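Got a structure for you, written out below as structure tokens; questions coming shortly.
When the chains are written out, they are named A, B, C and D in that same order, and each has its own residue count from 1.
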Amino acid sequence: MSSKRITLQQAAEIITDGASLTFSGFTIWRRPMAIVFELIRQRRRGLHLIEVNGGPQTEFLVGAGCVDIWESCWVGHELYGKYGANLSRRVGNGEIIVEDYSHAEMMFRFAAGAAGAPFAATQTSLGTDIHNPAYDMLGRAGLRDGNNSRIPRHKYRFVDDPFYGAGQQVLVPAAKVDVAVMCVQQVGEEGTVRVSGQYYSDPEAARTADITIVMAEEIVPEEYLRREADRNTIPSFEVDYVVECPFGAHPTGMFGRYDVDGAFLKDFYGRTRTQEGFDDFAKEWIHGLDHLGYLEKLGWPRMLKLKANTALNYSAREKKGE
Amino acid sequence: MSSKRITLQQAAEIITDGASLTFSGFTIWRRPMAIVFELIRQRRRGLHLIEVNGGPQTEFLVGAGCVDIWESCWVGHELYGKYGANLSRRVGNGEIIVEDYSHAEMMFRFAAGAAGAPFAATQTSLGTDIHNPAYDMLGRAGLRDGNNSRIPRHKYRFVDDPFYGAGQQVLVPAAKVDVAVMCVQQVGEEGTVRVSGQYYSDPEAARTADITIVMAEEIVPEEYLRREADRNTIPSFEVDYVVECPFGAHPTGMFGRYDVDGAFLKDFYGRTRTQEGFDDFAKEWIHGLDHLGYLEKLGWPRMLKLKANTALNYSAREKKGE
Amino acid sequence: MGKEYAAPGEYGLADLLCCAASREVGDNEVVFAGTGLPMVAIMLAQKTHAPSLKLIFEAGTLDGRPPEIPTSVGDARCEMGASRASGLYDAFSIAQRGYVDLGFLGGAEVDQYGNVNTTCIGDYLNPELRLTGSGGNPDINSFARRTVFIMVHEKRRFVKNVSYITSPGWRVKRWPEGDFVPRRSLYGAAYRGGPSAVISTAGVFRFDRESGRMYLDTCHPGKTPREIRELCQFDLDISRVAGETEPPTQEELHLIHEVLDPDQIFIPRVKQE
Amino acid sequence: MGKEYAAPGEYGLADLLCCAASREVGDNEVVFAGTGLPMVAIMLAQKTHAPSLKLIFEAGTLDGRPPEIPTSVGDARCEMGASRASGLYDAFSIAQRGYVDLGFLGGAEVDQYGNVNTTCIGDYLNPELRLTGSGGNPDINSFARRTVFIMVHEKRRFVKNVSYITSPGWRVKRWPEGDFVPRRSLYGAAYRGGPSAVISTAGVFRFDRESGRMYLDTCHPGKTPREIRELCQFDLDISRVAGETEPPTQEELHLIHEVLDPDQIFIPRVKQE
């Protein structure tokens, strides 16, 4: 058994310029931020993000100019920043292609991809501009010619249900991604993942992607996880690489481990409305630091305040909304 | 909160003549046998079984003449009876309509039903007689006219993938069932289900069905299950009724509780090749007994031998294959 | 015990919205909640007239009973007391399968048919301002039997035509033509209902069953129907006004500020000493 | 340490089949196993030349390491040491997604293109004998890169045309016409491979890459190619016989009978004292 262990730097190197990418987590929870920061340090370019929903990971990568295409349904920082200012700026400037689906459509696209089906049928969002043919942005950009294996020939298709007369169905194309980058509580050295709490769309992300990189708070003995197989979330053979990186999701939160660092996100949101602001923020918090340097800079008092109470699975110290 | 608790007799009464029905479990594991026996006692007729796979529950109901239509992919007793002798006899006599799908097709049909989609796309079983239009048995019987809301207008449809050029796809219709009858280790009084070990196709069965009845080895406090929500299998609001019935899966097995009673199944398989044999077996083991009478008849030595070792989750006493 | 209403000045607009939203919830209903004020409203209903409601959070928490307000639906707080914690595939499958009675949603713009925009302001192809995007807004609005929108009332938000239909109202676009058709005709078997109310900072609005057009149901205390009509770019029907929006009760105010949101994350206190 | 082969008489036909099947498994492969002899064969491979193979059981156990032979894939024994225990949706999604290298299957009838029947004997519309049905046979055979069939060798089983194509071989039916076409042409992007071997009680058979027709690869000890051809209703290609099937080693026999299947559930001992 060859080891699946790699470093943060190696993890980021696996994601090459132009790769299509997805992430674990949900909005401001369990995002693989340490790898995202490393991608920015390595000045990755031309990424195609296909996300069930976006969050700080999107905003950081978009702000740093790493992203050419974003397919998803939402980006923001929840309570700590009401929309994605970096994405908004770059869309306004025509620097990024945004393809809008609904949340359920994105989820069903990943479910189809994970099941090896080329599409899924759904009845969500009928009658909205999500299905406006004039708003097919990848099509407008001439990218639906079949040359990019990650971009389907159509944004969606309508068909009528032939079986039960259920009416108009939207066929949404399976998501296809090169790399899924995950951030979880525990992974075994052979790749078995145990997510605690909500698993969001992580199982589908891992199964859909050609390469899955799992960054975990801790790498634990496989044998420990395999004692209770029905508690595990992702099987060993779907995971190609594992990285141990405590607090790797910061400033996003992790069930049972630490809360969202709302002050950090507010600061990010407030300061990165402009490109100059983003560059300044990145200079302060990303460039010239490694992950340990980043943690040192955050400091103990901040991290201890965020640390989850193990009985509650969230921090009883952190004042919410701050 | 009105109680969801009912008795075995009431559970069987919910399943009316002509109902479409599905079950928890897999082949000879975690089948709701105590309710199946009660259905036979109540002489239910005209059932339409739609199962991911069949097993002893199928063979008992079919042998007793309760079933008019069986849609599935497999029936037998694994090691203890190599095929479904009762189904085989009744198919040969033209007493039952059998609609054959593949195992994955049946699973995807339930997944579509559970997701509220009218169909799923798959590429399994291309080129087989499962897709032979002459072998559409519900169609041959004139039942695909749209009058039965549980029977789709087509057995399947072919379409070409418009998105990635992945070629021919089989669209299989969602499964639609009136009642799912489940047998699990634990259920809370509000309906939360915690399955231990493999959950087979139980989550999809419960979500697809209009009514879900959960028979459990034990009804436990909801609050106990809700302390670790990420270990539960089926949410409260998908469950309409709960029944407490220890050893309710016998002669099938249950992870962590008891093994398959191979001797019982062998005896059943050996004795029920003929209708007379079945009637004789039913007279001995079903009619005139209630569940406690059935357990008394089985006796302590037999049940203690089957009882699972709690460290292993299976019996270390039972000699397999006997 | 009769209801003891709070007097004007004892409560703020957020309190009023929260209580009005809470009253939309029936007991035993399955309710799909987004982040923010709707979460407080639903938990308020859970603690008052709807103790048996089932709360679903989009991120994958089913029938949760959080003891304190989560900051978002992905929050670890969602899962306290929940029946099951899983993921989005579960949540959206449950919604599409038809389990959801009521969903609470928000929006940046709304038109008279209840079409809502959360995607962008201005031309989609060249937006003045890109917003968050759809999130689960169209999904919940497609599958729940009823949806309630909670919005800030400004004339620029109650518009003739939204910049982008993110979430479908009672008359929606049929593609590829793009003409408006009744919601029911498009949704076919998936039709279960649609927007049932808009609760704005000015009043409570409902929709005519036949025409699908918005009308003013109740005015918030201190607002007149004419004032409210002036705050809409479309011709608001004010012929059916039923009176004033019911104010919060003392019990509700206590629950909001002492139990549910003591840190004033979503609902500020009106009186600070 | 060289291989120490068992002498004729020291092993039975089931031992030979089990070892031949085991040798089809490569290390690090993801293997989809059905109940019975294939399970023993794969676990034998796991304990000899393929310690890093990943075992998937159809009922939902992923990368399991059962210490003793499960009686079926639904068995609690499957889950000992597993990476994940879940359900059939997972198992079949993983297969359709393309993770599976090898599947072991059985059958009642096989034709020269590897089409296999497990559904019925005689006319499907009026069957002489209804069998179990497809189970996962066509699914695994559709999605795995290679499949290996293990069968009893009788002339009535190696037929010109199977009564019902349950599981697709190298030339399959295109519907609605029902004409035979090459597997690859039908499967398109889903094509990953197909039946790679049939291990019968007479010999080991493989398939010509071009024609998709079965040929005899090795004869089991004591059988001749002509005898084996006589046991087929179709014209078996015996021009490429590579020799005799490799017998079990002492180590393999020890593992089968002392470690994996001491209770002789699936593999009887040849010598009982």
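One rule holds in what follows: a residue touches a chain if its C-beta (ideal position, glycine included) is under 8 Å from a C-beta of that chain, and two chains touch if they have at least 3 such contacts.
This one's a predicted model, so the numbers in the text were calculated from it and none came from an experiment.
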Open item on the list: Return the chains shared as contacts by subunit B and subunit D, ordered by label.
Closed with: A
- [ ] Between B-C and A-C, flag the pair that has more C-beta pairs in contact.
- [x] A-C
Open item on the list: Nearest whole angstrom, what separates the Cα centre of subunit A from the Cα centre of subunit B?
Closed with: 38
TODO: Please compute the C-alpha centroid of subunit C, do the same for subunit D, then give the distance between them in whole Å.
DONE: 57
TODO: Take the average of all CA coordinates in subunit A, do the same for subunit C, and state the distance between these two points in whole angstrom.
DONE: 27
Open item on the list: Which positions in subunit C are in touch with at least two other chains?
Closed with: 61, 79, 85-86, 89, 92, 95-96, 143, 189-190
TODO: Can you tell me which residues of subunit B touch two or more of the remaining chains?
DONE: 108, 111, 115-118, 122-123, 161, 164-166, 197-199, 230
Task: Chain contact topology (line, ring, star, complete or other) - done: other
Open item on the list: How do the chains pair up in terms of touching? List each pair.
Closed with: A-B, A-C, A-D, B-C, B-D
TODO: Within their complex, state which residues of subunit B touch subunit A.
DONE: 108, 111-112, 115-123, 146, 149, 152-154, 157, 159, 161-166, 169, 171, 173-174, 176, 195-199, 230-231
- [ ] Sort out for me which residues of subunit A touch subunit D in the complex.
- [x] 1, 113-118, 188, 190-192, 207-208, 222-223, 225-226, 229-230, 232-238
Task: Touching residues (chain side subunit C, partner subunit B) in the complex - done: 30, 51-52, 54, 61-65, 79, 81-86, 89, 92-99, 143, 189-190
Task: subunit D-facing residues of subunit B, complex - done: 25-30, 52-54, 72-76, 78-79, 82-84, 87-88, 91-92, 98, 100-105, 107-108, 110-111, 122-135, 158, 161, 164-168, 197-204, 253, 255-256, 259-260, 262, 308, 312-314, 319-321
Task: List of subunit D residues in touch with subunit B within their complex - done: 35-36, 58-61, 69, 71-80, 85-89, 92, 95-96, 119, 124-125, 127-139, 142-143, 164-168, 172-176, 178, 181, 183, 186-190, 263-266
